[in-house]
Amino acid sequence: MLLAPIFQLLLWLSSWAWVSTASAVYEDAARGFFERHASSAGGSGSTHTNNWAVLVCSSRYWFNYRHMANALGMYRTVKRLGIPDSNIILMLADDASCNSRNKFPGSVYANPARQPDLYGDNIEVDYRGYEVTVENFIRVLTGRMDPSVPRSKRLLSDERSNVFVYMTGHGGNEFLKFQDNEEISAFDIADAFEQMYQKRRYNELLFMIDTCQANTMYSKLYSPHILAAGSSNLGESSYSHVNDNDIGVAVIDAFTHYVLEFMEKINKTSQVSMQELFNSFDATKLHSTPGVRSDLFKRPLDKARITDFFGGVAQVEIISLDSATISPEATSPTNDTEPLQLRPNVMPLAAKAQNMSDTVTTQTWLAQLNGKEWKTVRAWVSLAIIGALASWVASRK
Amino acid sequence: MPSTSSSSSPSTPSPDLPATLHDPKSPFYQQVSLRRAIIASYWTIILLAVPLWWYTTSIERLALPSGRVQQLAQHSLELPVSICVEGPRIPFIDKIQVQLSKQISQDPQRWKGIAPRLFGSTDCEKSSGNKVYSVKFTSTTGTSIHHRQLHFPPNTAPSTIVEVLSSLLVPYSSSRDSKHRIVQYAPHYRLAFSLLNEDAAAGDVVKDWNIQAELRNYINPITRRLGALHNFTVESQVQFHAPLAFPPRPLDHSWGITPADLTVFVNSAEWTLSSSSSNDPVLHFILFIPSAERRPLVILTDTEGTVSPSSAFLVPQWGGIVIHNPTSISSSGTLPDHDVSTVFAAFATQFQSLLGVAALPRGVHAPEGLSAWQLDALTRRRTLENAQGSQDTLASIVKLVDQIENMPVGADVRDDVEDALAALQDMRDAAPVSLAQAFARSATALGLASRAFFNPGMLALLYFPAEHTYAVYTPLFASALIPLVVAALREFMAWKRERREAALMKAAP
Amino acid sequence: MRASRCLIWPLSLLHICLTVIATSYEQFDEDLVLTPLPDGKVSAAFTFTTLLYGAAPRDPHTLNSPDESQHYTLFPLALGQLLREHAVTELHLALNAGNWNYARWGSPPDPAVGTGGELWAWMGTEGPTSIDARWRGLRNSLAGLFCASLGALDAVRTTAPAAAFPPEGALPSWRGAHDNGTTTSGAHEIRHASLPAEHVCTENLTPFLKLLPCKAQSGLAALLNPHRLFGADWHGLGVHVRWVADAGVEVRLSFQGVFDPLRAPGARGKSDWSLHSLFDRTVSRSCPVATTSAIRVALPNSDSYSLVPEPASAAGGVAVYDVHTAAKPLNVALSYPNTFNYPSSYASNSTPFSVKRTLTGTSQAWGRLSVRITNHRSEEMHVLYLETMPWLLQFHLHTLTARVDGVLDDTAISHLTYTPAIAHARPTMLQAVVRLPPRATVQLSMDVAKAFLRYTEHPPDAQRGWDLPPAVLVPVNVSSPLGQTGVRGAGAFVPTGPRVYTSTLLVDLATPDFSMPYNVIIFTCTLVAGIFGTVFNTLTRRWVIVRVKA
C-alpha cells in the first residue's frame, strides 16, 4: 500500500511547513513592530489644529434611554469644551426626548435631580433613527460617501485633527449591536481606523466605548496614534448607574457617569492629563473593570491633555491692518511641541494598577501573529488533520 | 459494514441458490459500470460547482497598477526655475551661483523640488520656454520688482542678491505656523462674508453694508489673479444676533478680549455661519459689530491689558475676523463706506495669507496687487504639494487594498488610479516646459486620486469570521465528502485490481 | 474635475458681470395668531415671512455655469444656497407630530398638517441635470439642514400629484432663447414625498430658528421654547418658498401648535392662558429688522373674558398687538371668570366636509381600505381624493366601490387616474374626483393586498408595522377643469378650498423570525448531511451473496 507512507510524508511536510511559516511569522511580526514605531518616530508632540467628535448611540427603544443619555452627555461635554457643532457627528438611534413616553418633552436627563438638561435648546443630531446603521457609521469614519451626502453628515477631518470616537449601546465579545438587528465587529472598527490612518484623517484618535465587554472592542486595533478606553472586560457587563422613577428607566450608565463627573471639573483651558482621567476609574464603583489601551499611542499619557481630545481650542494669529506687509504675531497660548519620548511598549499605569486590567500585548509569538499569518497557520493545520484522517481511513482494512 | 470484497464469482449463479433468486450482479443497477458512472457524476457536479461557488462568492477586486505606483515614490518632482542675470560678467554670476548653492544646502527642506539655474546674459535665449526671471542691475530707486524682473541698484553684493532671490522664489519657511495657517488645496472655494451684529436688539444695529463695491475693489482683483489656481464663489449675509460665548473684560471706557478669549471667539454654536450646501471648503470673513452696550471692543495682547493696535485676527485654515466699533451709522442702518473699505483691506490681507500668498521681502518695492513672483511661488508650492499628495494617496490605496482582503475594487477605482498616474506622468513631462500646465495636471491628479480613494463602492465587507463559516458548513461538507472520497478510492482500487487480475489471467495459460 | 484652466479668466469675468446689482431690498414680517378653540385648547400659529424683492428662481439651464453671487441681509443664506444649487422654484416642507382634529379645531392656519414629514417641490424639468437628480440633491441638502431623515424620501416614496398640490406662487416661464439657441418652455413638474414615521424634535427646531434674522433672541421667535412646543397636543413646523411674480422670492417659515391650558398644573378647570403659561416665556425685545411684528388674538365668542394688556386695535373679532410699540415684556393673557365647560357637540360646519380613513381586516395578507367622507353642506360638492400609497399595500382597483349613505352608487367616482405601484420601486398614486351629495356620507372602499417583504427590507423595529401616508382631499370645481399653465398632466382642477388630510395608518405586515436564517442554514445542512449518506449508499450499494454456514 503506497498510500499510507504518502500520507505520512504529507503530514511531515505540513508540520514542517507550519513550523517554518510560524518562525517566519515571528520575524514578520517583529519587523512590522519596529517598522511601525520607526515611522512614527519622526512625529512630534500634539500638533493638532482642530478637533472632531463622532458620538454614537446604537440602541433603540425607550428602555435604552440611558444609552441616548450617555451619548448626549458626551455631546454636551465636548460642546462645552469648544468643539463646534459642525465638527460633531451625533448619531442617535431613537428619539428619547420627544418620545411620547417622555414625561418631560424636549428634555433628556442623566440624573434623578434632572440637572442639567442634556437635550437643551440648541442641538443638532446628524444621524437619527433608521439612519444609524453599521454601514453609515463606517462610511462616516472612512469618508466613502455618496457625493450627495450633505456636509453636516461628513467627517471632514484631516491629518491635523484629533478625533474622539465614542460608542455606547449593547455589546458583547468583539461586537456591538446596532439597533437590535445588526452588529459591528472589532475587526471592522480596526479596519476603518486603519483606512483613516492611511488617508491621514486623524492626528490622534481617542476611542471610548461603554457597553458590556467593551474592552474586547479595542483589542483588534492596529493603527498607530490610537488611545482606547473601555468600560468592562471580557465576560463582564457594564452596569447602569441610577434610575429615575418619573421617567421610569435607568438614565445613565456608570462608566459614562463617572467620566462626565470627572469632566465637570475641566474647562476649555485646563491642563489636566488623560492619565488623571484614567486614574480616576474605580472598578469597585463601576462594578466592572475598565480598561485602557495605550500601546498604540505614542505620547506618554501624562502629557496628553484631556482638551486634546474633548476640547476644540483654536489657535489665532493677530494681524495688523496695514495691507502692505503682513507681520503675523503668532499667539499660541497652548499646544507647544512636547519633547519627544520614544516608548516602544506600554508602561504599567502608576497607582491603582490593580484596579485596571491593561491589555498589554504579550511577548509570546503566538499573540503577535496578526490576521494573515494566523490564516496561513490555520490552513496548514487543517490540511494536516485532513491528511491524517484520510490516511487513517485508507489504511484500515 | 462488512467488507464487500467479492469472491471471484462469475455471473452465473451458484448451483445451490433457488432459481427465483437472481445473481446480485445481474440487475442493471448492480453493474459496476453504472456504479462508477454514479460516483463519477457526483464528482463531476462537485467539480463543476466549485467554479460557480468561487464566482458567486468572490468580490470584484480588479488589479491596480501597484508597480507603477511604487515606482512613483522613487521619483520626486523637480520644478526648474531659470534666472537670467543680465549685465555683469561671468565671475560675478559664479559668485552668485556659489552663494545660491550654499543657501540650498543649508536649508534643503525649503528648496525641496525647486531647481534654480542661473544664466548669463549671453545664454538667456537658450533657457527653456518656461517663464524666465531676469535680474537687472539698473535700478536707481532701490530694489524693486516688475512682472518677472528684479531690479537691483548696481553694485549689490551677491549675498544680498541671493537672499532677495530666495525670499522671492521660495518664501515659505518650513515653520509649523505657516503650514498650519494656509488652507489645503481645493479647486473651488467659497468665500463667505458675514456681518455679525452681536446684539441688534440693544440698539444701533447695522443692517446693511455696501459689500458689492468693496468686493470689486479689494477681493475681485485677488480672485482674478488667482483664477488659474482656484475658482471662487462669493456670498455674503448679515446676522443680527451673534452673541459671544464669554463676557469681555471691562476696561475703562472699553471692553477687552484677552488672548485666551480670542481662541474661543468664534461661537459656532450660536452663530449661523452656514455650511454651504455643496462640499467645497469655505473661507469665512467676519465683520463683528459689538453690541451697543459694549462698545468699543478691543483686543488685548496680554492679560495685563495692553491694547493691541490691530482689531483683526486670523483663525488658521478657517478664516479671518475684524472687529469694528462703528462711530456713526446712517439712519437706514448702513455702515459708512469708509469703514467698509478699511475692513475689506484687512479681509484682503487675511484672504491672501490664508491662501498661501507670501509677503514680499522687506525693502522690495512692487506695484499694487499680486506680483508674478508671488503667484509663481504659490503655484510651485501647490504643484509640489499636489504631486506629493497624489503619490501618497495612490500608495495608500494600493496598501489598503492589499491589507484588507474584503475590500472590493471596481472598474471606476481602477480607471481613476490609471488616470491619476497618467496625469502625474503628464505633469512630469510638462514641468520643464510650463509651470501652469504642470500645476493643472497636478491638480487633476490630486482630484482623481482622492476620488479613487473615497469611492463609495470601496466599502469593505463586514467581518465574517471564518470560524463561523467552517462551523456551519463542516457538518454538511465533511459528512458528504468523506463517503464520496472513500467510495471513489475503493472503486479506483477495485478497478486497478481487476486490471491486474485480467493481465495475470491473460498471461497465465 | 477637469476644469479647463483657460476658461477661468473669461468665466470669472462673466461671474463678476453677472453679479446681481439690484434687489438689495428685503423685508421681514412676523406674526403670531392665537385662536381659542371650542374644546378649550389654544392654537398658536407663528409665521415669519421674508421677501427678497426682485429675485427670481434659478433657471435650471444655467446649472452648468457658475451662479451669480448671493448677497443677503434678511433672507437666510443657507436656504438661498440650497434653492439655487438645485434650481427649485417652489418648495414646501412640513414636519408635524400629532393628528389634527378637524372636527374640533376647524381648518388649520396652514393646510399642510399631515403627520410626519412631507416635502414637495416644483422644479423646472429641462436643463443639464434631470429633475429627479435635483430632487435627490434637494432632499439630501434639506436633510442635512434640518437634521431630518429626508434622505429616505427616495424614489420608493416619491410621486407627482400635480392636481392636489398646485403651485402656490407663480412659475417662471423662462421663455426665449438660451445660450446655444435652444428655446425653453419653462415646463415645471412637482415631486412629492412623505415620511409619516418621522419624529419632530429640538434638532429640527434649532436650524429652523437659525434661518430667522432675529433667531430666538428677540421678537416673536423668542417664544419658541422647545420644552413647551414639543409637549403640545399637536405641533408642526413648515418651510414654504414660493415666487411671487411681481415681487420676488418669499420664504415663509411657520410653526403651529395646539396647546392645552387645561393640562397646566395651576389650571383648576379654567382654560385661561397667557404667553407665559403657554410658552414659559414672554416677548421682552422686539426684532429691530422686522417691518411688522404683530400678535393677533382671535376673540372668543363667549361674552365674558378679559384680555390683558390692552390691544393696539380690536376689529372684526381679532385683537392686534404691535410688538414694536407695546410695553415690554409683553405677556398677552386671556382669562375667563368661569371654569371651562366642554361643549356637548362640536359645530360640524367647521369644515365643509370631514373624512375618516381606516384599514380593516385581520389577515396579514389582505385588508380593506375604507374612506368615509361626510358632506356638511347643503349643496353638492366635489372633492379630489388623492391616495399615495407605498407599494407595500397593493390596491385591487376593480374592487373600488362607492356607497352614498349606504347605497351603492358608481357615479360618485369620476376622473379616475391611477398609477400602479412597482414593487420595491414606486408607490401607487390614485386620484379620483368624488361627488358628495348634500349632507350625505360617501364611503369608498377597496380591497388591498399586503406585501410580503424581503428579509432585508424590514426596519429594525419591524414589529411596529409600517406607517402609511395620509390621503389628501381637496374640494374642487368640476365645471371648469382648467389646466394651469406650465403644469403637466391633464385633468387639473381648480381647488376651491384648502386641502384636508386624513390620519396616517399603521399596517402590520408579516414579519419573519429574524433569527431564522442562521437556524435554517444549520437545519438544512444537518438534514442534507444526514440524508446524503443514506442516498449515496443506496445508489452505490453493492449486493453480494454471503454464505452463512448453517
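Before moving on, here are some points about what is shown:
A, B and C are the chain letters, set down in written order, and residue numbers restart from 1 in every chain.
The definition used in the following text is that a residue touches a chain if its C-beta (ideal position, glycine included) is under 8 Å from a C-beta of that chain, and two chains touch if they have at least 3 such contacts.
Just so we're on the same page, UniProt names per chain: A = GPI-anchor transamidase; B = GPI transamidase component PIG-S; C = GPI transamidase component PIG-T.
As the structure is a prediction and not an experimental result, all values here were calculated from the model.
Judged by the touch criterion defined above, the protein chains are all mutually in contact, each touching every other.
If you compare A-B with A-C, the chain pair joined by more contacting C-beta pairs is A-B.
One finds 40 Å separating the Cα centroids of chain A and chain C.
For the pair chain A and chain B, the distance between C-alpha centroids works out to 25 Å. The set of chain B residues touching two or more other chains comprises 275-278. Each of the following residues of chain A touches two or more other chains: 122, 150-152. Within chain C, residues 141, 144-145 each touch two or more of the remaining chains. Those residues of chain C that touch chain B in the shared complex are 1-3, 5, 8-9, 11-13, 16, 19, 21, 24, 66-67, 69-74, 76-78, 81-82, 85, 141, 144-145, 210-211, 213-215, 217-218, 285-289, 518, 521-522, 525-526, 528-530, 532-533, 536-537, 539-540, 542-546.
Interface of chain B with chain A (complex): residues 3, 176-177, 180-181, 184, 259-260, 262-266, 268-270, 275-279, 299, 301, 308-318, 320, 342, 345-346, 348-350, 352-353, 359-360, 362, 392-393, 396, 399-400, 403-404, 453-460, 462-463, 465-466, 482, 485-486, 489.
Against chain A, in their complex, chain C makes its touches with residues 97, 136-137, 140-141, 143-145, 147, 149, 151-152, 198-203, 206-207, 216, 225-231, 458-461, 514.
The part of chain A that touches chain B in the complex is made up of residues 47, 49-50, 79, 82, 84-86, 122, 134-135, 138-139, 142-147, 150-152, 154, 158, 160, 184-185, 187-188, 191, 194-195, 198-200, 268-269, 313-321, 323, 325-326, 328, 330-331, 333, 337, 375, 378, 390, 393-394, 397. Within the complex formed with chain C, the chain A residues making contact are 60-61, 93, 95, 97-98, 104-107, 117, 119-126, 128-131, 148-153, 179-181.
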